[in-house]
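Heads up, the next two complexes both have chain A, just with different partners, chain B and then chain C.
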Partner chain A sequence: MLTLLLILLPVIAAVITLFSGERLAKTVALIGGLTTLGLAVMTWLQFDPAAGTQFGFKYAWVSSGGISFAAGLDGISLVLVLLTTFLTPLIVLSAFKHDYKKPASFYALILFMEAALIGVFTATDAFLFYLFFEAALIPVYFLAAIWGGENRIKVTFKFFIYTIFGSLFMMVALVYLYYQTPGTHTSEITAFYQLQLSPQTQGFIFWAFFIAFAIKMPLFPFHTWQPDTYTESPTAATMLLSGIMLKMGVYGLIRFLLPIVPQGMESWGMMAMILSVIGIIYGSIIAIQQSDMKRLIAYSSFAHVGLMAAGVFSYSVNGLQGALIQMLAHGINVIGLFFIIDIIYSRTKTRFLDQLGGISQSTPHLSIYFMILLLGSVALPLTNGFVGEFLLLSSVFHYDGWLGAIAGLTIILGSVYMLRLFQKSMFGPRSKWVEGFQDLTASESAVLLPLVIMVFWIGIYPNTFLKLTEPAVSQLLQLVNN
Partner chain B sequence: MYPIILLSVLGVVTLFLGFSKSKNILLPATLLFLIIALIGNFVEWNKGPLLYFYDMFRVDNLTLSFNGIILLSAFMIVAISGGFQDNADSEPAEYYGLMLFSLVGAMMMVGFEHMIMLFIGVEILSVAMYVLTGSNKRNLRSNEAALKYFLMGAFATGFMLFGMTLLYGATGSFELSQIQGFASNMQQGSQSYILYAGLLLLLIGMLFKVSAAPFHFWTPDVYEGAPTIFTTFMSTIVKTAGFAALFRLLNTSFTNIYSFWWIIIALIAVLTLLVGNIGATSQNSFKRMLAYSGISHAGYLLIALTALSRPSENAIVFYSLAYSLSTICAFGVLMLVSKEKTIEGQPNEHYDAFNGLAKQNPLLAFVLAVSMLSLAGIPLTAGFWGKFFIFTSAAERGIMWITVIAVLMSTVGIYYYFRVIIASYLREGNMIKIRIAPFYQVILLIATFLTILFGLAPGIFDNLI
Partner chain C sequence: MSASLLILIPLLPLIGFLINGIGFPNIPKSAVGIIGTLAVVASFVLSVMTFNAFVASGSETLIVPLFDWITVGELNIPFSFQIDQLSLLMLMIITGVGSLIHIYSIGYMHHDTGFGKFFAYLNLFLFFMLLLVLGSNYVIMFIGWEGVGLCSYLLIGFWNKNTNYNDAARKAFIMNRIGDLGFLLGIFTIIATFGSVEYSEVFSKATAFSVGDPVIITITLFLFIGAMGKSAQIPLYTWLPDAMAGPTPVSALIHAATMVTAGIYMVIRSNILYSLAPSTLEIVGVIGGATALFAASIGLLQNDIKKVLAYSTVSQLGYMFMGLGAMAYSASMFHVITHAFFKALLFLGAGSVIHAMSDEQDIRHMGGLRKKLPVTFLTFLIATIAISGIPPFAGFFSKDEILAHVFEHNKLLWAIGVLGSLMTSFYMFRLLFLTFFGTFRGTHEQEHHLHESPASMTVPLIILAVLSAVGGFIGVPAALHGSHYLAEFMSPLYEGARQANPEAFMPTELSHTEEYILMGISVAAALISAIAAYVMYVQRGAVPALDSHEKSGLERLVYNKYYVDELYNAVFVKPVKTLSNILYSFGEFFIDLIVNGAARLVGFLSGLLRKTQTGSTGDYVFAMVLGIALILFWKLLL
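Our next item is the complex of A and B:
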């Protein structure tokens, strides 16, 4: 029942926000987000990692078709639900300093998005998963398209069609799998795990799933929608896209691709792995060249998600655990970085590195927060990025030494573009754009402080989260290896 | 059974009401008649199957569901027609009378058990539609559309009759059950060729009516030329009735020779999808786009016919309902907007007429957006489940390739459906606040509400039929 509440609470909050009028909207949305977070934490406290899927519910939905409205939480779901509910209030809070037109709709859409994301991470019925997977697109599309930058119409349209194109293939795969289940068919995900499919079929299904999730994350070569969309969207939408929505793809790989088509993984996994590793290097190199800060972070995000996917394709405990912890870390870091860029942009009206410089002279607080998040992102030990990246690289190295070595370059390349970003914006001679630059306001610190606390928490004691996911991950791998 | 008798009588009554001084009575009277017919329709729910008129007409829950969709659509369309008061040339009594008569034809097509019944139904529906298409007498485009529709329609009817004749020649009967008996025991030989030829010609006639490619050429011109209210009527009621008739035909008489016709229908379905979707992308007129989109939806429905598996029946009913609701919303909003924005006295039906709609008219923009999302098959709308059931019907039969093509084509669909959402929400335009009659507003809201309701709970219809 708790899961149902977790999905419904943001919906209710969104509806209240929608009708709360222009003044109150943001406060209501923040309260809604925090309440959901409280509920998620409560669920966490009652959660027993060893007990499998918990707090589930199941209602007949299309009863003649065996499709049910069913969701529940296991370790993997819980961690991602925690991430979603933790980041959403921060995203709401980060938008406070902007005067968006039609604020009620703006904040309501963020909460609708949260509901859809929680739905994706908790659904235990394949078609329910699909429904949320697609439904999550609609709020973020409107967020980006209505409140975005100059080229928003064209860019978001491309994004929308691109991602829906991918998920439709997944739908064909799901419909096919559904008809392979014995007896009166069922679309429970666990029923799909039991199917015995021929290797050739597994190959087709592998690619159908791969394309859907690879476009969402995005992986090379399906990433062309991403930099433009991240750049043109308002910061809140960019945060939703990069912080949480991207994780839908990785989650899909873990939940569907690995356990349903293990043989397909065996024959095509190498290829997928190579694509992921290309993405890591390619994204990093482009990030080094960027002058637009938002684009730079977009490409860095593209590189990071490549590493997460590579970890998943290695189908080892380390790889999956690494991917999960890295999802948390990446969500936290990337949201922090996008927020800092938003702060800089709203004060200087420029995002270009060659026009910035010397901001740190007047902003001790901003500089410290920026530095910590940035170090988390380049995976310095004792920060959150380190744990994930270490586990991921070791798993890729186990899978194939050469690929591991190439993927390892991400550490060097990552520091190059990140430190370049910091140096060019914060240090050096003070440019005319940054004159009169104020340090952080209270509400800005309120967003950054929780993020920084999490950077250290995950960096110093990752076991809080690793032990949540461990039983679920080993159970999953047992399925794959059978 | 009852709605056919009721509407035949009440149609005549409507014509007589036209003699009264007060023209205002016509609209409420017609709505009342339709409600009576709707109630009459569901009196026989779960009583079936019943046979009437010397076994020529069949009433079962499937018939009643299709009739229900047809009558509900008709009610909504009549409700938003506004009484035809704004044009001095119009003859409201005749329009309403013809609409009621055409519904009789549509319902005969849904429940036919005998070829003659099918023929009469098709003709009653079509002749009424020819007239209504040309009802805007002073408009050249309307006249052209009526003439085109009539000539092509008469030609298609010829094919259909020829097909029925051959079927009679082969089987010695017009009755569906007799034809089925013959088709299942038949040996290969000259007789079977006559049967095959008859079936093909009959199919051509029917596919013309539902505007499947390559028999679709009349559709864009006729849809665009006809007054929008009758275009709505055509694209919902004629299509639903046509598919109900096709389903009954193939599902009862010709199931045993499935191996002969399935590939033909499959190829026509693919061609229809391609023509409809690709044709729609290049349109600048919203109304013409909807005409092509109507073609593409015929393609999806044909997939369910191709598969003819257990979920097909449910899929066709659900899809027709979802499609009708969204289409009525789309045309309903188009009528309001195009009336406000005219170019040289003609209503502006282009995409740019919708620019900036959301700012002044958030309700209309929302109704339009939901209907477009539903037509595009985005989750949480009825249209998604319609497509989903269609795809599952094909998967149950094991025809996955057609699903892949349909999926690709739905991506194309998103492109043109979103153009109008983008225009109304994201583009700037000098839009005034459009005044909507309260009743009109209620109808649009009900249709939108139903679209979302069926999107959230598609199981409402489970085990009904």
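Our next item is the complex of A and C:
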């Protein structure tokens, strides 16, 4: 029941926001987001990692067909729900500084998005998963298309085509799997785990899932929609896309691809791994020379997600646990960094590094927050990024020494582009664009402080979250190895 | 010694960092200095207490678990500390020299607006450095390893309005990260091989391996890449001379006495692994020897007082690795200790000179400072004698011990070492004479301003001078009728290595006579150079030519540091930037083209997909909803 409530609460909040009028909308949305977070934390406190999928519900949807409206939480779902509910109120709050037109719709869409994301992460029925997976696209599409930058129409269109295209592959795969289930057919995900598929079929399904999820994350070479979309979208939409939505792709790999087609993994995993590793290096190298800060972070995010995927394709406990903890870390860091760029942009009206410089001279607080998030992003030990990157790289290295060493270049390249970003914006002589730059306001600090606390929490005591996901991950690996 | 007190050793500097960092700039300078310094001094006192308790309790290795840090599957990485001979020696150096440098900084940084920030960073550095040496496993060492790198970055670029300083800071961080990748891969291989990262477990399992096992060689090589980055060895040394952009106390503490010796610490810590990998040791020795000589030769012609000392540091670190290569672990540690004393002293002395000279660092504009800065001069003189290897000062004993071991191991490397000493002594005395002797060559304004530094700066100088003078007596060799306390103290560290590779630990075959001859040669080399420098720079009063002056080919090559920076720029930095631009402007375009083309092809082949290619977003949403509805509808009818 709690799961149903977790999905419904943001919907209700969204509807109230929609009707609360222009002035109240943002406050209502924030309260809605915080309430959902409160509920998620309550769920967490009652959660027993060892007890499998909990707080579930199931309503017959297409009664004769075995398709049901069913959802529940295991450790993997829970950490992603926690991430979603933690980040959503911060995304809402981060938008407070802007005077968006039609604020009620704007904030309502964020909450609708939250509901869809929670749905994706908790659905235990494959078609329900698909429904939410698609539904999540709609709010973020409108956010980008209505409140985005100059090229928004062209860019969001490309984004839309790409993801729909990928989803169709998944649809085909899901329908096929559904018909393979015995008896009156069922679309329960766990039923798919039991299927005995021929190696050849597994290969097809592998690629169908791969393309669908690879586009969402995105993985190389399906990423060309991403930098433009991240750059053109309003920051709130960029945060939703990068902080949470791309995790749908990684989650899909873990929930569907690994356990359903283990033999497909065996035959094609290496290729997927290589694509992931290429993405890491490719994205990192492009990030090195970017001048637009938003685009720089977009490419860095692309590189990071490549490493998460590589960890998943290593199908080892290190890789999966690393991917899960890195999803949390990446969500936190990337949202913080996009927010800081938004702050700089709204003060200076530029995002270009060659026009910036010397901001830190008047902004001790901004500098510290920026530095900490940056350190998280470059995986300095005791920050959140380290735990994930350590586990992921070790898993890739054990999978294949050379690939591991190549993927490891990310720690060098990451520091190259991130320190350049910091130096060119914060240090050096003060540029004329940053004259009169004010340090953080209270509401800006209110967004950044929780993020930074999480940077250290995950960095210093990652076992809080690793312990949550451990049983679910080892169960999954058992399926894969059988 | 209870565990809770032990935790305070790294915790106190962390608390100091938090107070001064969060309080900046609201805490008054006087309080900042006291808080920052007190944190370290208290940490030093605790370290001494721990040391005494350790010796009193029969030198038992102590492991203090704090909590489980990362637990994944079979792998558990605890956050825990290990107290043994090695960590204790490092603790004493770090907190001891650290305390002196904090006191010195109160005077040196007094006028700086970032005073509070400076002390916060220094404290943070000590926290990470202490983690590095206290950790009971490789991953905790790695926390410290990267943490000190961060602090080094922050402190090199401390005056961050200056773009050159920022570039130097970034270079240091990135170059260290190259090494760190090696370290990380080493850790991964350790996990794969031993299933643990805890020293106790790894080392006890390592005894089962035979000498020259490829896995052990791989691990040690990976770890050594890390050491090359942190301890500035060829080819990863070019960041260290640039790191002199930071305030001088930083150069003394981080870039001379402590952080850069982390690589040596790592090898000694892993001595059992290295003792099992003779081929790695050969590489370590050769790289050390090459670095020692190469850096010393650059030092001969530098005119920036800090740059000379920086190259000297690179060179001295090379000696330590040479020693490690000959498995003279204790001798290298001995040199770490004495080097910490005299090199910290040299940097602090240089700082005192720079302070007096109104931020002038070029020795061509100095001269005759001994009258105006008597304390600085005398202490600098002692350090110069110590580093040159002239008895009975500290450097003589430690360097001589390294060279004796290297001689037994490899005569050619020994010759390189002696040649390096010859150069060391020359560039150091050159530096001393040009700075403190002759006539003053600076501006009138500078001359008017010349003054000896305040007590907060000279007292640390004096203490370090005493240590540089007598510090060598902890390791007087048997040939000089001494008992080598240090070697004896450290001996239990090699228990495992001795078991695993007994041949490598045979007692020395050198007779006392041979040892005397070796000592005689290196002392003679040092004295000859000192005299040559005296003749050139004091008797003849030579002053290095200005940069505008035409130089001969070889001179130009050395003066420009063999153009290594330019080489790296051309081979690594520029190509990566070009690649980045190409990938962005062309790569992305082509991928887009290919992926979209492939999509069109699929669309063409598939009627279902073809319908989705209408180009109108509305149609897509419609198609999607319709699709879902159709399927459900269909299912309902069935």
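What we mean here is this: the second predicted complex is superposed on the first by the 482 of 482 C-alpha atoms of A that agree within 3 Å, B and C clash if a C-alpha of one lies under 4 Å from a C-alpha of the other, contacts with A are read in each partner's own complex, and residues count from 1 in each chain.
The rule is short, and it goes like this: a contact is a pair of C-beta atoms (placed from the backbone, for glycine too) under 8 Å apart; a residue touches a chain by one contact, two chains touch by 3 or more.
This one's a predicted model, so the numbers in the text were calculated from it and none came from an experiment.
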Considering only touches as defined above, state whether A:Q361 meets chain B (first), chain C (second), both or neither. second
Which holds for A:G21: it touches chain B only (first), chain C only (second), both, or neither? neither
Taking the superposition as given, does A:P221 touch the first partner, chain B, the second, chain C, both, or neither? second
On the A-aligned overlay, A:H398 touches which partner chain: chain B = first, chain C = second, or both, or neither? second
Chosen between chain B and chain C, the partner touching more chain A residues is C
Does chain B (first) or chain C (second) touch A:G38, or do both, or does neither? neither
Could you tell me if A:M171 is touching chain B, chain C, both of them or neither one (first, second, both, neither)? both
Examine A:G149 and indicate which partner it touches, taking first as chain B and second as chain C; both and neither are also allowed. neither
In the superposed arrangement, which partner chain does A:Y179 touch: chain B (first), chain C (second), both, or neither? first
After the superposition on A, what does A:P199 contact: first (chain B), second (chain C), both or neither? neither
Contact residues of chain A, present in both the chain B and the chain C interface: 62, 64-65, 130-131, 134, 138, 157, 160-161, 164-165, 168, 171, 175
Given the complex with chain A, which residues does chain B contribute to the contact? 311, 314, 373, 378-380, 384-385, 388, 391-392, 395-396, 400, 403-404, 407-408, 410-411, 414-415, 418, 422, 425-427, 457-459, 462-463
Touching residues of chain A toward chain B in the complex: what are they? 60-65, 127, 130-132, 134-135, 138, 142, 145-146, 152-153, 157, 160-161, 164-165, 168-169, 171-172, 175-176, 178-179
Taking the complex as given, what residues does chain C use to touch chain A? 24-25, 67-73, 75, 139, 142-143, 146-147, 150, 153, 157, 160-163, 166-167, 170, 173-174, 177-178, 180-181, 184-185, 187-189, 191-192, 576-577, 579-581, 583-584, 587-588, 591-592, 594-595, 599, 608-609, 612, 617, 620-621, 624, 627-628, 631-632, 635-636, 638
Spell out the residues on chain A that touch chain C in their complex, using ranges where they run on. 62, 64-65, 67, 130-131, 134, 138, 141, 157, 160-161, 164-165, 167-168, 171, 175, 220-224, 227, 282, 285-290, 316-318, 321-322, 358, 360-361, 364, 375, 380-382, 387, 390-391, 393-394, 397-398, 404-405, 408-409, 411-412, 415-416, 419-420, 423, 426-430, 460-463, 466-467, 470, 474
